[in-house]
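Quick heads-up: structures coming right below.
Shared between the two complexes below is chain A, which pairs with chain B and chain C, respectively.
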Partner chain A sequence: MYVAFKEIRRSLGRFTLLSLAVALLVILLLFFQAVAGTLTSGLTGGLESSSADVLVYDVRARLNPANSLIPAPVITQVSESPDVAAVSPIGLSVFTGTTDGDEIDVQLVGGDPTGPSVPAEIADGRLPQGPGEGLFSGSGFDNPIEIGQTVSVEGIDFEVVGTADDAAFNLLPTLYVTFEDFTSASQNRAGIPIEVAPSLLGVIVVDGADPAEVAEQLTQSIVGIEALERPAAVDALPGVGQITQSFNILYVLLYIVVAIVTGVFFLILTVQKQDALVLLRAIGTGSRDVVTSVLIQVLVVVGAGAVIGTVVTAGLLQLTRDVFGASLDSTTTTLSVAAIVVLGLLASVGAVRRVLAIDPMQATRSGAI
Partner chain B sequence: MPALEMSQVRKVYGADDQQVVALNDVDLTVDDDEMLILVGPSGSGKTTLLTVAGALLRPTSGSVKVGGVEITDLDDKEAARFRRDQVGFVFQSVNLVPFLTARENLLVVRQFGGSKIDGAAKKRADQLLDELGLGGRGDNLPSQLSGGQKQRVAIGRALMNEPPLVLVDEPTSALDSELGKQVMDLLRSEIKGRGVAAIIVTHDDRVLGYGDRQVQMVDGVLSSAAPATATTT
Partner chain C sequence: MMIGIKELLRQPGRFASVGVALTVLVVLLTVLGGFLDGLELNQTGPYRAHEGRLLVFSEQSENLIQRSELNKAQATQLAEVDGVAAVGALNQIASTASASDGEILDIVLFGYDLATDVLPPPPSDGAVADDAMAESNDVAAGDTLIVGANSEPVIVASVVGDLSQGSPTVWVSTNRWREIVEVSNPAALPPEDVNQALVIEPVPDADLDLLAADLSSIDGISAVTASGAIDSLPVVQQQSTTFEGIIGLTYVVTLLVVALFFALITLERIGLYAVLKAVGAGTKDLMAGISAQAVCVSAVALILGFGISLIFINVLPADLPVRLVPSRLGQIAVGVVFTSIIGSLFSLRRVLRIDPAEAIG
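So, the complex of A and B:
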């Protein structure tokens, strides 16, 4: 302890440098995680936050909501199936809308606002109750639309009456509206009164029923559909896997850099103070005490770097809140910081092995004081 | 009880035809308040003898007792504790931790092995530094001290834990004659003043007059009580 902290104090510069290097890597890691989180939740939020237990797709859509269209008879068939408590159509389509004079892309979600088509939880305001009302949810990448604001889509004015967090589809500003309004918007765009079919069906199962079993049973019994429980539907969304995988590669690279930087630093440090360590061993310091002092330094330096990195990232995300609405997830952050500290300790194995290999006898070999 | 009893101690380095017999069945007894001067040419085995007496090195055969306790069969951990509590070393080469001040170099011995640096330890360190003429130098790093001052700090470090046996290897080899004399005066007064046992290894003629007794080593063999004037390297 004593020696570990005294050394840090005497060589504050180099220890600070390592701490800052670790902090920088932590900033990158946490920032990537925030971006990845915002990206994936912008893609998956809509399904992930849905009040539906089971989602029903057209089997030919291969679980891509954008390709799925449910024929009208299926709605009745699903609602009459065992263990199904409620069904709502979910119409999904991207429109050009205007708000405050600006043109924006709007993801419309049409459904039964009292049924399993809307987010399970709303953040503010209320659900739409009739025509001309919408519930808004944005992704972290666009400007939020507030309650009371109006969004016009294909000649229909939607007043935002409530907001939900992390319930966007396709990384777009998302407006949950009634299925009737969704139909009107689609027909207005087509210019003729086409038949508008929902993309998906949301299903709530009866109390006590297992959503996975109900989904399995629906898939078996109704021709032309594929039903999945919600978590499975989220995982099957196109793009999510690719994003997660790309970012995982970045994380692994960062972890490797942290390990190399820490490992090499402490190895060099140990080699440089070899004489001092030999002396300490020769005058009666146990090898455990010497190893402990190396590990304490790793903990202090990497720990300080991790804390600095976390604080700076939190601050940066707070500052850029308007541009990029992401924040740190406390579980992910804690796990990442813990992983980096553990990795630092593991990486110092080279230094520790060197310390353990010291023969105190070397202290008697010549050289000048 | 003698401070150190070595009997039939043999140390052989290397194997087969590369063998070097550094200690050749050495018998040596040092009384508990005796200051012994060990002289001999370079390569004669002096440092090896100190190393074996201080539990840094196990002899090939023979018995080494310090304070009546056999130390040749200590394991690494016990040997480290023994060195910390029973022996004060002044090495020929590196003696100070470069990133610790003079005072901290004295205190560091106290810290390991679960002990604490308490007020008494600090007082003792300051007192030792004072005695060694380093009163104002406690906060200096080794790089800010001269060779003679560093050697004195090393002596203080060796005495810090009040060991019954002090082992000093070539204390004057890196110092000019004036400084060498100062350091030897100090060593003598510190060691005799405490009534502890010490072995001072040297091949420096100027040191010869300082001990209670003098033995000579040649090629790993001790010859007792060579006359002070006749011994050179």
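So, the complex of A and C:
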């Protein structure tokens, strides 16, 4: 062990370079994870945090809330179905609004604030209770809108009376308002008093009922709709699967690069100091001690790289919060760092095999060392 | 330099380790570049279809079509500017469509007035479908698409190149677009005589940048070229920033890998280099040899890496937005070779310090 640290101290340059390479790879990995996490939660948060057990779509919408419009008779049919405790229309549309003089895109979610159209948990303040009030939730990419601030949309001023965490739709600042206000904003934008249909229905099932079964039953019994329990609706949101798959591919590639870079360099280092290792073995050092020394160096180099990478990523994400809106998740970070350290150790198997293959008798041969 | 190449040819196994590491890094760079290009191309088809035209948005919209609204008076004002040959409307809405196979898919429905180099003149009653839809759902001219929540039928008049904007796009005349939106999503219909954006067809040989500046001087108007509109898209900006940053960091890792490898190799060969210096080889000759080795290793890694990436990308699910663009591959090739040369030069200090006298003890 002593030799391992002494060698690191004496050849600080090469070990530092390798640690830096690992640190950069850790930065790439954690950065990807943070951005992917923010993207996914910005897309799924609205449904994931909803108080609805089941969500009802127009069957032609392909489970895409942006394309769904529910005809009025369906609301009655759903509310009269067995095992349905409450139903709320959910109107979804993106508007251009202004707040403090700045123009912003805002996702309006119109519904019954006392029903299953709003987030299950409120972070601060309260739910809207009447016209002109809204509950705000932002994605990581937005500047937060505080309680008391006003957002103007199509001539309607919404005062933010509460906030909810991770309940945004479409990666946009999201304002939960009454369905009447949603209708007025839509009509004001159209310039004529059009009929505004909800995009979805939120359903709460009666106690003891299985939401998946209720969803299946609704789909089967009402023509033109497709109902899903909330977790299934979240998984079906367009883009979520693609984002997850794309980033998973990049994670796998990065893990492979970390393993290869670490493995290759410890193998080269071991080959380079083969003569010294033969001598150590010849004077009685056990192969276990020599292997331990290699593994300690791997742990130090990869561990230092992981720590540096994590700290730098946290700092970078903090500095670029306006651009990426992402921060490190402690569980994901811990698991990723642990995976990289384990991969580093596994990758050093080539170096370890070299050490185990050393024959101390080589030291007795002329010119062997 | 020749001695470096000779060593590489005689002992290729010695360079295999760095070659493998570089190959994996080339694969990573290629896949990252593929995602960046795929994401950008998949989002920007409708804008690329308007190359050679100007796109006009309302000034406060930040050139985002979904935020923009332009009225008839503004359209008339634009038509009167010198250099403008024609003004047409451009509107969009997310919708769904089903083809003859019955599968419903997400689309973006565009209403337009003016033909471009890519888009034919708007069919009076039918639609133009893009290649993404033709490939994924086997849609061809003459097929009927059922569009929107109210199942509006439109007959495909022609199929054009890939103009995806996240989803496949379907193009109809402005009048037909308004009819479809009015019945399928009335809340999203702009008021009469209002359009989301306008397309400007310039007179022949007009300077687009100058014309854009002229039009933008009109109160409440922002005129940009197609590439200007693409650059304004937040999704493109964010993706470019993220992926370009990550690609940059990957080059730094490549630099460190090459630098570390050649630093170790140089350390191992100090004695040999001392002998070479003693018999008259200069530092320049030695460094040329090391750099030649780095270039050769990176060239082999590029060939292998591109080959592996091609196979890898072909086995990925078709719906993932990855596209290999020749110019991106060229950039990666130049970047990796350049980075390798710089990495190999990290050994310069150590080679400079070699004293030929060491060769005689």
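Note that the second predicted complex is superposed on the first by the 361 of 369 C-alpha atoms of A that agree within 3 Å, B and C clash if a C-alpha of one lies under 4 Å from a C-alpha of the other, contacts with A are read in each partner's own complex, and residues count from 1 in each chain.
Assume a residue touches a chain if its C-beta (ideal position, glycine included) is under 8 Å from a C-beta of that chain, and two chains touch if they have at least 3 such contacts.
This is a predicted model, so every value here is computed, not measured.
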Look at where chain B and chain C land on chain A after superposing the complexes, then choose clash or fit.
-> fit
For A:66, decide between first (touching chain B), second (touching chain C), both and neither.
-> second
Now for A:3: first (chain B), second (chain C), both, or neither, which partner does it touch?
-> first
Of chain B and chain C, which one touches more residues of chain A?
-> C
Figure out whether A:96 sits in contact with chain B (first) or chain C (second), or with both, or with neither.
-> second
Just chain B (first), just chain C (second), both, or neither: which does A:222 touch?
-> neither
Considering only touches as defined above, state whether A:286 meets chain B (first), chain C (second), both or neither.
-> first
Vertex chain A, arms to chain B and chain C (CA centres, degrees, nearest 10) | 90
Touching A:276 in the superposition: chain B (first), chain C (second), both, neither?
-> first
Minimum Cα separation between chain B and chain C after superposition, in Å, equals 12
Can you list the residues on chain C that touch chain A in the complex?
-> 17-18, 20-21, 24-25, 27-28, 31-32, 35, 60-62, 64, 66-67, 94-96, 98, 104-106, 148-149, 151, 166, 184-192, 194, 238, 241-242, 245-246, 249-250, 252-253, 256-257, 259-261, 263-264, 267-268, 316-317, 319-322
Sites on chain A touched by chain C in the complex | 13-14, 17-18, 20-21, 24-25, 27-28, 31-32, 35, 58, 60-62, 64, 66-69, 93-94, 96, 103, 105, 141, 186-187, 189-192, 194-197, 238-239, 242, 245-246, 249-250, 253-254, 256-257, 260-261, 264-265, 267-269, 272, 323-324
Which of the residues in chain A end up touching chain B in this complex?
-> 1-3, 6-7, 10-11, 273, 275-276, 278-287, 289, 360-361, 363-369
Where on chain B is chain A touching in the complex?
-> 47, 50-51, 56-57, 76-77, 80-85, 87, 89, 91-100, 104, 107-109, 111-113, 117, 141, 147, 150-151, 154, 157, 169, 174
